[in-house]
Amino acid sequence: MTGPFDSASKSPERIGVYVCHCGTNIAGVVDVAEVRDWTEKRLKGRGVIIARDYKFMCSSLGQEMIEKDIQKLGLTRVVVAACSPHLHEQTFRNACQRGGLNPYLSELVSIREQVSWVHTDKHAATDKAKAVVSGGVERVIKNEPLEPLRVPINEATLVVGGGIAGIQAALEIADAGFPVYLVEREPSIGGHMAQFDKTFPTLDCAACILTPRMVSAGTHRHITLMTWSEVENVSGYVGNFTVTIRKRARYVNTELCTGCGICQEKCPKKVIDQIYEAGMGYRKAVYTPFPQAVPRYPVIDKPNCTYFSKGTCKACEKFCPTNAIDFNQQDELITVQVGNIILATGYDLFNARRIPHYGYGRLANVYTNLEFERLSNAAGPTNGEIVLRDGKTKPKSVGIIHCVGSRDRNYNNYCSAICCMQSLKFAHLVHERTGATVYNFYIDIRTTAKAYDEFYQRVLEEGTLFVRGRVAEVTDAARKPEEEGRLIIQVEDTLAGKQRRIPVDMVILSAGLEPRKDAKETAKLFGISCSADGWYIEKHPKLDPVATMTEGIFIAGCNTGPKDIPNTVSQGAAAAARVLGRIQQKEIFIEPVRASVNQDKCSGCRICNNLCPFNAISFIEDRKVTEINAALCQGCGTCVAACPAGAISGTVFSNEQVLSQIDGLLMLNLEYMKEAPELVAV
Amino acid sequence: MTEQDQFEPVIIGFTCNWCSYRAADLAGTARVKYPPNVRLIRLMCSGRLDPTFVMKALASGADGVLITGCHPGECHYIEQNYKALRRYQLLKRVFAQLGIEPQRVKLVWASAAEGVKLAHEITTMVEEVRALGPLHWGASNGREVHDHLPTEDMELPEEAEVMA
Amino acid sequence: MNDKYLYYPGCSMESSAKAYSESLAAICEPIGLHLEEINDWNCCGATEYIGISLTPAYSLITRNLALASLQADGTRTVVAPCSACYLNLAKADYYMQERPILGENVNTALAAGGLHYDPGSLFIRHLLDVIINDIGLDKVKSKVVRPLTGLRVAPYLGCMVPRPDYEHRWSNPEYPNELDRLLKTLGAEVIDFPLKTHCCGGHMTQIGPNTAFELIRRLVSSADQYRAEVMVTLGPMCQMNIDAYQGEMNRHFHTDYRMPIIFFTQLMGLAFGLNAKQLGFGRELVGTREMLQRIGVEAPEPIEAVPAHKPRMKEGLPMPRMPGDEEVN
Amino acid sequence: MNANGTKPKFAMYWAAGCGGCEIAVLNIGEKILDVDANFDVVFWPVAMDAKYKDVEALDDGAITLCLLNGSIRNSENEAIAKLLRRKSKILVAFGSCANEGCIPGLANLSSAQEIFETAYNTISTDNPQHIRPQPSYFVPEGELHIPEFYPIVKTLDQIVPVDYHMPGCPPESHQIAAVIDLVIKALHGEAQLPPPGSVIGAGDSTVCDECQRTRNVKAIKQFVRIQDVRTDPTMCLLEQGVPCNGPATRSGCAALCPQAGAQCIGCYGPAEGVIDYGARLISAYASVIDAKEPAEIDRVLDGLPDPAGQFYRFNLARSLLRAARSAWIKS
């Protein structure tokens, strides 16, 4: 008969099966005792010599139970039916190892995530649990003893993104004495935080606390800072990534430039600064985004430079005292070897134009939060004066709208986490600097972190007005004379239970946070995954929030979801700590999931040659056979499935294991004692 | 299965370690309910899916096979899910010639975040396959179809105990 | 796909909105729009019926879709020019899918007439949507021979067309830009009309005139503040409320607005160089002479509306009292 | 020669098949004389007259070597296969039909009813009375029986245990000669027979191993039918879009077809250890199609108008699914 499952033979293995109650998590739906009894009785012929159930298999007592059974009963295979292998596979492998059994001779099958938590019918769930156990038993018979692969870790780390998360991560690693490449897309590091005026809730000045960190990162002997640069290609795997970085031409020779700023003064071309000034101010075509920029060297913005577009000007070159301007500079591709990568790529602001009835982009005095940050910033375009678009009039009343684009099923369902505190900060600043009446339009006030609610109380006491309700529209269509020439906020005041029209002079939209526009491409580049929203997915949302499912790639800051500064900094440090742990171990162990070619069977048809995105497959011309480089193989198994001759096999997920598991899941193992069936059609 | 009972199909589902298996975990964590008719197998990637596995499952008594993987462009191994897609499309053509209804073998993309979607797809597929009725390929091969597990009256005979 | 569209005119097109009907007929040929009227269509029930009883209301609407299905012949799109008709048809299609029991009930009712409709089998679309997204602004632009340069227009969509936007066909359900883009293509100066999707009062003119007058005033006064010379709309009800009740509204508030309101198809026709009379100009009550002069078009003589029916009895028959009326009223 | 001075007994039987295997045996040339010299041929319907009852009269295990070709289509095939199994020490499933169903196995894509319909009732058939064969029929001389037609074609090892498998349609003569040599040597104690269950008379790798065409990495943009194109004689046919089954087909034929300019159609069956031959090809072909969009993939696949025929021409009866659903389900 065909198939790996030989229905006439019994398994020579001595298998122990352990069914976990997980408190009531499993036992509440699955009759674990019945599963245990059934396994012991019905799967005896498959080599199950002991089946036990226990309250918490992952507890030390549960693990010891397995260890003892291995030693006393001479188990050669272990199946644990409990939670997802993503949670406790390692736990039970370790237990097996301690008991003296090769850890890969065990299987953890999920009867919690895939059975008790998703099914309600107890009888059906118990039946399914039996099938799942039976699948595990059949599979484990075909398991092979394996050793984890050891991979040496390159000491260097790549940090992508020079905002506060990336700066923090880079400094932590560099301070420990290991090299860091810090790559930033903009001309200066600093990120969004550099644009802010005050930081909630303490109201310390963002620049005052950020600048020293920026300087440290810029001057650290272990940090190679690459601004105006982007990662273009990543290859390799944990411990040994090869990263190609495009260092865009600055047209400024950084060896010669002293950062004196004369070129910026002399440049005749003024450009609206869409990035740093959020469109509220101007910069020159040769510029550093802000005075405290790190590095201090300017860049020439090629599309806006008069010389590049018209062929004449070169004012900067003429006046540069050190001849640092170099119009012939080219982009450079730099390749670096790193062991780990931390992505701290930050966020984009929700585009408030997407809600046209809030008037942003149509009505002059509707501002976004980032615009207001620049407006209130002492180093900003108005030197901190809070004024209307005309540049002079101080508002007498200001409306701040929360949750713009957040908590809204038309845009983003999630809460942007920082808007409440940010809006309260704005209310305080407006009140303090203009004395205007401030209205906050909110759904809920969420001030959960340390000293946040105290700040809310303070703003309340200052006399800021709070209207609970989602704003319907911001309009200039006046209905009454007192509304004329002003912005009217139409809102249902859900506490008062009525519709209100509140005329104000200025509206600030607390636009939410969104993943970077290119978050998906970045994720693809580094081989990690995004949620449907576009935020990066953590290895575990609670227990492993800075790791990803890809070994060696870590994430920190707002690219996993909206965060305030303290959380962002913590994540940067946490990611650094994870990386440092690995560097200091000098090597890591990874799953021995690998493919290999049986060269006697390989006929050199070359079907598989083009299938590996990691270039692990190569063809040996003189012997006309294909070979797989185990170090490059990532274990996806695509070539195993593709080989027409069946010459490629894969460990941990071998054909025999999967086919046997199918038999087990379909309970075909229960037929083992029967005669070969009579082959007559129905 | 007794005739008056509703037919309970058995579906073997192949999941990718990086996306759909995690989606199944997520469905569990979020307590999203779906019918117990699907039994999942974890692979490292939908690219690992050998058509043999699908045929084996159908030939051995499964009424349907659900193949899942990362969305196009989101493969953990960069582009292996496209290979799964191509194999699936070719496999479907062969199955059509063998008289296997298209609803019985389905390919669904589910990211690690799409627990609800996966549960929904499973529910839909179970109902579709239920409506089609048993495939009975396994029975045709002289084997029993295991809609329900053997009951007490199907206990092992004595000699089997000895063999065991 | 067949390039024809199944056309559901609705009752207004034959009465109050003749100008809409005439101008639409006039522009179809230049932009290559092939409309095939649904045979034996009936009233969509307007806005009231749905509030009274769902099955009969939806059956009334769906009968038209069932008839349209019979005529489909390769095309799947039903076009309605009237806001209320469009919304009713779309609503019926949507809710029959969402609530299968309603769908069954409706089809049971239709079966009495030998009809059946599979919800989701037709695309229900508004005329403007078809012109923007299928015909395209490039095509429209190519037909413009008399650009409406200098004419300040207020694009007014009313509340029913872009909302609730079941199929996500509009750029934004709260503040769509389709009509703005079309009018700009015709060469007009389009104001950023803040009330473009606000309500015209609907049937409130019949039930609570004061409410309706306030709603009309807001629209007209806002358009006036923006110095619009004409409001452009796409629904017969909107046009009628603002046109026919503007005088009464003025008396109510002691104001003196004279804001003409016309259909977008009329402006398209003007831009295409068609004759104003052929486009139904002259039927409106708030005169369009000044507005037409702005673009150098001679205004046609006003058309006196001839009552279609004999004057009704002064008072109608009394409604029979229904059990439970006391609680409702 | 046995201890008691008699020659070992040889039998050959032709079940559902074309007879090509019989010709292939005769095609071994002078080697056939070795067979006669070393064996006592007791049963070989195509070559000599013998009755089933003669075989039944033999002791169980009396036949030393039996080459059985053809698949199991009807009750007669099955009965004789069982009889010969009982009487033979070494039963060889000889040729593709006995091993994997071969062309007769393609009948498994249709139900018995469809097959009869085609055979007895299509426009090319002159059968005005719609006569269908009946299992039994009364004639003046008595009741006649014909064998029962089974709904699906089976391979020999689906009926009885088989000692060796010899693939090929038909097996290559040089391979037959080598096998006969080996058996004779083994009988004289000069060689060891391979372990039971082995494939004999073929290689362990695939046809590509023996094919001299130059191979490169593969990215198939379209499939073409070989009669529609002029192929490069030095380049891998699959890379030229010709669906060549060589990569999945067991070696042993010396890549006869590809060397002669035609694609391999897979008569030597799957390589060692492969469970489902067609699955291997489906997976391999699909893996190297150069398309990512479903519609584009479909366009490429349209170049394979009969995928089941392409992938299971010789192997359907031995595949995992074995037959189309209509063949399984009794009407």
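A, B, C and D label the chains in the order they appear, each numbered from 1.
Note that a contact is a pair of C-beta atoms (placed from the backbone, for glycine too) under 8 Å apart; a residue touches a chain by one contact, two chains touch by 3 or more.
Just so it is clear, the structure is predicted and the values come from calculations on it, not from any experiment.
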Leader among chain pairs (count of C-beta contacts):
A-B
Separation of the C-alpha centres, chain A versus chain B, in whole Å, is 31
Measuring centre to centre with CA averages, how many angstrom lie between chain C and chain D?
73
Measuring centre to centre with CA averages, how many angstrom lie between chain B and chain C?
51
Rounded Å distance between chain A and chain C, as computed from the means of their C-alpha atoms:
49
Any chance you could list the residues of chain D touching two or more other chains?
275-276, 280, 283, 287, 320, 323, 328-329
Residues of chain C that touch at least two other chains are none
Can you list every residue of chain B that touches 2 or more other chains, as numbers and ranges?
50-52, 56, 79, 83, 87, 136, 140-141
Touch graph of the chains shown: is it line, ring, star, complete or other?
other
What are all the chain pairs that meet the touch criterion?
A-B, A-C, A-D, B-D
Applying the document's contact rule, which stretches of chain C touch chain A when the two form their complex?
172, 174-175, 177, 192, 194-195, 218, 221-222, 225
Footprint of chain D on chain B - complex, ascending:
50-52, 55-56, 58-59, 72, 79, 82-83, 85-87, 89-91, 93-94, 97-100, 135-137, 140-141
List the residues on chain D that touch chain B in their complex, please.
109, 275-276, 278-280, 282-283, 285-287, 289, 291-292, 294, 297-298, 301, 304, 306-308, 311-312, 319-326, 328-329
Quick one: in the complex, what on chain A touches chain D?
2-4, 600-611, 619, 624, 638, 641-647, 655, 659, 679, 681-682
Within their complex, state which residues of chain A touch chain C.
354-357, 362, 473, 475-479
